[in-house]
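The structure follows.
Each chain gets a letter, A, B, C and D, in the order it is written, and its residues are counted from 1.
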Amino acid sequence: MPSTQNPPIAGAAVDPPSVRPALDDAAIERVAPAELRARLEALKSDGYAMLLDLGAVDYLSRKPRFDVVYHLLKLAPKPAPVAEVGRPARVRVLCGIDEGDRLPSVMDLWKSADWAEREVFDLFGIVFEGHIDLRRIQMPHDWVGYPLRKDYPMRGPARERSPRPAFAGKSNVVAGTPPSGRTFEALQEEVKRARES
Amino acid sequence: MSVGPGQFMLARLDDVARWAQSSSVWPLTMGLACCAIEMMTVTSAEYDIARLGSEVFRSSPRQADLMIVSGRVAQKMGPVVKRLYDQMADPKWVISMGACASSGGMFDNYAVIQGVDTIIPVDVYVPGCPPTPDGLLYAVNLIQQQIRQGGRGGIVAKA
Amino acid sequence: MPWWVIVLIKSAILLFVVITSFAYAMLVERKILGWMQMRPGPNRVGPWGLLQPAADAAKLLLKEDLTPETADPLLYKLAPFISLVTAFAVYAIIPFGASPSGAPWAIGNVNAGILLILAITSIGIYGICLGGWASGSKYPLLGSVRSTAQMISYELAMGFSLIGVLILAGTTSLDGIVHAQTRLWFFIPQFIGFVIYITTAVAETNRAPFDLVEAETELVAGFHTEYSGLRFGLFFIAEYVNMLTVSCLAALLFFGGWNAPFGWTAIPGVAWFVIKVAFFMFFYMWLRATLPRLRYDRLMSFGWKVLIPLATLNLVFTAIVVAYKG
Amino acid sequence: MSVYAKPLSADIVSRTDNTMVLSMGPQHPSTHGVLQIVLEIDSENVVKADPEIGYLHTGIEKTAEGLFWTQAQTAIERMDYLAPESNSLCYALAVERLLGITDRIPPRAQVVRVLIAELTRIASHCVWLGTHGIDLGAISVFFYCFDLRENILDFQEAAGGARMHPNYVRIGGLNGDLPDGSLPRLDALIAKFPGRMRELRGLLQANPIFQDRTIDVGYLSPDDAIQYGVTGPSLRGSGVAYDVRRAYPYCGYETYDFDVPTRVEGDAYARFLVRLDEMEQSMRIVEQARRRLDTPGPVMIDDTKVALPPKETIALSMEALIHHFKVISEGFRVPPGDVYQSVEGPRGELGYYIVSNGDNRPYRVRTRPPSLYNLQALKCIAPGNLIADLVVMIGSLDPVFGEVDR
């Protein structure tokens, strides 16, 4: 896939988790998308009451392309002093998924998955089946493209082709017409044109 | 060319107006990112922007004279900033606080508008990441100077 | 000289005094807040910041006057004037001192003075209600709804708290009430009434901790969110003039007006009056620097469930005592 | 892909006849930044609250992918701008794990890291308390808090060179030892702290209006808190004493003597008290760290592959010059692997999931932002309360939008 990144982002994609597991104290599991839901349900009923984090990684040239990473914490949902909490177990569940495939949503298991899944959808374009309100969360709702994918240019498609205007001499005398000629409308136009082409 | 009494009077009134506007610059309560914390700090005891008569932070854009763009302006926030600027009543001034607001700073990426001056006119740029409260105070001083002299345009608050 | 010329001159002097004192009340408030917060406060505009109020006023005057498209144009433009005119009108009957012969220093001496003041200040709140409603925007609307509720719950308790004073003085004219306090200031026999009055007065003038109407951190700027420039300034003026009014009333009704304490008559009566008013103004500023804001519904229940029953009890008790003593 | 995002409009909030939709933010004095909450209100009662975030999305994670390992730290500090050193500490710890040098960090560096992290926590809580006070209308608290914060920032500036983002904690240790004269300054701060805390407690804790505003407001049950992934003081306000410093100690936290304050009430007042207690506990740790600072020692790992060689050796040794040039011009390479490292930030468990593919830049830096998860709980606690309470709830969850949106 041609990339227009600037500066170039590290090239050869390997799958680091398969190279060197267990650098931290979390137990690591790799699950296929079909078994993901069942495995997470089992973990939940096993006492992993908190979904610490839900994120994704794009291994551009790997098959399957994305890893969705779940971090779970075994913490009982009741008031407890320090001694009782102790050192709750952590588990990391990795699930490989290809572009266009869908993952089951875990929003009904852990409510914290709501925004996390929306964020992964927004920035990676991974669709979670069963999420009740899957829409963009970080980017404007009419944004095109998924910025955290490796083939998405760092500065966005709109600006990546055109070098930014000279920095010097930037001042503005009258509202709306800075000497650089880039008003808000012009900027919007530029973005629109870039999106269409 | 002779100066008639009327013209003289007008000139004096203009001076009074400029003095009043420069002595009572009320900023808009609009915090964006890291710089917003330093913007808050400028009201605190050690810096005290109140000395200049500018501690009256107004939350309603209608009543504010000065917009301090304090932090990076995301693509999603850009239209909001523009709208707030449009909602402010004339005369109004803008300080672009910090590297991100002035130029995008270190975040030269898809998400950040590269300089708030692409969407609204800026009067004073303050460098720094974030600028110290002293820097912002100096910028407000420059704004006052600018109002008194009647000019508009991008000034960089260089120490 | 015809009588109306005298009234005009008196009014002009009074207007000047009130405007000056409100302007400097604003500056002093900013200074006092500053000192309480370990900072100097305004000190660059003119010597010691003395020209700050003038600069603020001139700036507001020169600021663009916006009218939102959704606003009701007539009421939107009228509302600040309602607030302002009623705020100033009260001073027509407030006496500041007395000549040696006993005649009060006031523009007009009205028999039913206290009632007139209550009536006029009640109209003032319409400025806030109408202004908020006519802005055609949501935050001002919420602000004006709050002000309506606040008006209903607090006017009543305030009125009740004053009746005790009226019973003791046996008159409704303001200089009569002051004369009745030559021996004993009413805040001693009417202490509960005084506390209720001070509380409701803060609520009436929408000052912290009862500043719900413009609660900045909840409703952006409350009822005047959409106002800019001069009209916003008028609301501002009205607020401070009202603050001055309730301070004057507190001094007149409970602190003996221009009567000197402990027979210290070396200082003239007017000066005593000013000192007392200044004390109450300081009290307001102190409150603002110290207390968090009450919640809207708590304010209502505080008014209805605490203040009004208390004021009623106070009233009944006073009436019984006065009737018993004959 | 045919899934399109729905635009934000009034119709996403279900409305009945009696309600109106009110947009609170993104510019609102008490949303603590650029949060927008689309409220459905019935007079002043909140029927439904839908927080809309992303107004400060900066793409820091993407930017970090394009920078060297050490450079990325600069961008990462800008996430949680109230506690920048917690971010850099967590990131540095994670990268140290990937490099396998965790055990070789000099002890003095660890002590200073603890010191800086705890001072940062106090400074962050100062900003929280000040703004929380302002939200409630108690304006003076703000000034006393910022005065204390100013002292901490002065210390930080002396140590790292900048007030807010000093980038003092580095991969492998610290950017230089504490400068001369900073320990007396620290002692003065330690001496000043209890008095200031008494003032702050006096102004708010026993104030009946403040109690009235915060007690029983924003009740978050332990069950809900864990469901929503709430951590930090907000979770401990609900009674669960989960603290990363105790559960997964780092930087030698297991050798410090401190309590983990908890409350079982779960309301805004409980969270307020937990944070105040936490400030005092942090000061306890600072005092202990201060005592350990009397013994001098190195503050950077003795490994010129990762750390810059000492400045004075560069002019004398060819090898040092080469190492210096290599580290500056192309950074260092980190063996491939992935790691999840978390620290207890002022807002809760701040975690970094970092993937390295063996290059000199991070392949992926995923943050576990405590504010994002804490703020989500707002959807649970907001309905059924007044707008005035909503302000209290946002304040008591203490979100920082640099971190929520990144």
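We take it that contacts are C-beta pairs under 8 Å (C-beta built on N, C-alpha and C of every residue); 3 or more make two chains touch, one makes a residue touch a chain.
Since the structure is predicted, the reported quantities are computational estimates derived from the model, not experimental observations.
Chemist: Which chain has its C-alpha centroid at the greatest distance from the C-alpha centroid of chain A?
Modeler: Most remote chain from chain A, centroid-wise, comes out as C.
Chemist: Counting C-beta pairs in contact, which chain pair has more, A-D or A-B?
Modeler: More C-beta contacts join the chains of A-D.
Chemist: I'd like to verify one number: the distance from the centre of chain A to the centre of chain D, where each centre is the average of its C-alpha atoms, in whole angstrom.
Modeler: Between these chains, centre-to-centre, one finds 21 Å.
Chemist: Based only on mean CA positions, could you tell me how far chain A sits from chain B in angstrom?
Modeler: 36
Chemist: Where the CA atoms of chain C average out and where those of chain D average out, how many Å apart are those spots?
Modeler: Centre-to-centre distance between chain C and chain D: 45 Å.
Chemist: With chain centres defined as C-alpha means, what is the inter-centre distance between chain A and chain C in Å?
Modeler: Distance between chain centres: 57 Å.
Chemist: What are the residues of chain D that contact at least two other chains?
Modeler: If we look for residues of chain D contacting two or more partner chains, we find 28-29, 54, 57, 59, 62-63, 142-143, 147, 405.
Chemist: Spell out, as numbers or ranges, the residues of chain A touching 2 or more other chains.
Modeler: 138-140, 143, 147, 154
Chemist: At which residue positions does chain B touch at least two other chains?
Modeler: Residues 44-45, 59, 75-76, 108-111 of chain B each touch two or more of the other chains.
Chemist: Tell me, which pairs of chains are in touch?
Modeler: Result for touching pairs of chains: A-B, A-D, B-C, B-D, C-D.
Chemist: In the complex formed with chain A, which residues of chain D make contact?
Modeler: Residues 1, 3, 5-8, 12, 53-54, 57, 59, 61-63, 65-66, 97-98, 222-229, 238-243, 246-248, 260, 262, 264, 335-341, 349, 351, 353, 355-359, 361, 363-364, 366, 368, 372-373, 376, 380, 405-406.
Chemist: Considering the complex alone, what residue numbers of chain C touch chain B?
Modeler: Spelled out, the residues of chain C in touch with chain B are 30, 34, 37-45, 49, 51-52, 54-59, 62-66, 216-217, 220-221, 224-229, 232.
Chemist: Under the definition above, what is the set of chain A residues touching chain B in their complex?
Modeler: 138-140, 143, 147, 152-156, 159, 164, 167, 170-176, 178, 180, 182-184, 187
Chemist: Looking at the complex, which residues from chain C come into contact with chain D?
Modeler: 33, 36-39, 138-139, 142, 145, 208-209, 211, 215-220, 288-298
Chemist: Sort out for me which residues of chain B touch chain A in the complex.
Modeler: The contact residues of chain B facing chain A are 75-76, 78-79, 82, 103, 108-111, 113-115, 117-122, 152-155.
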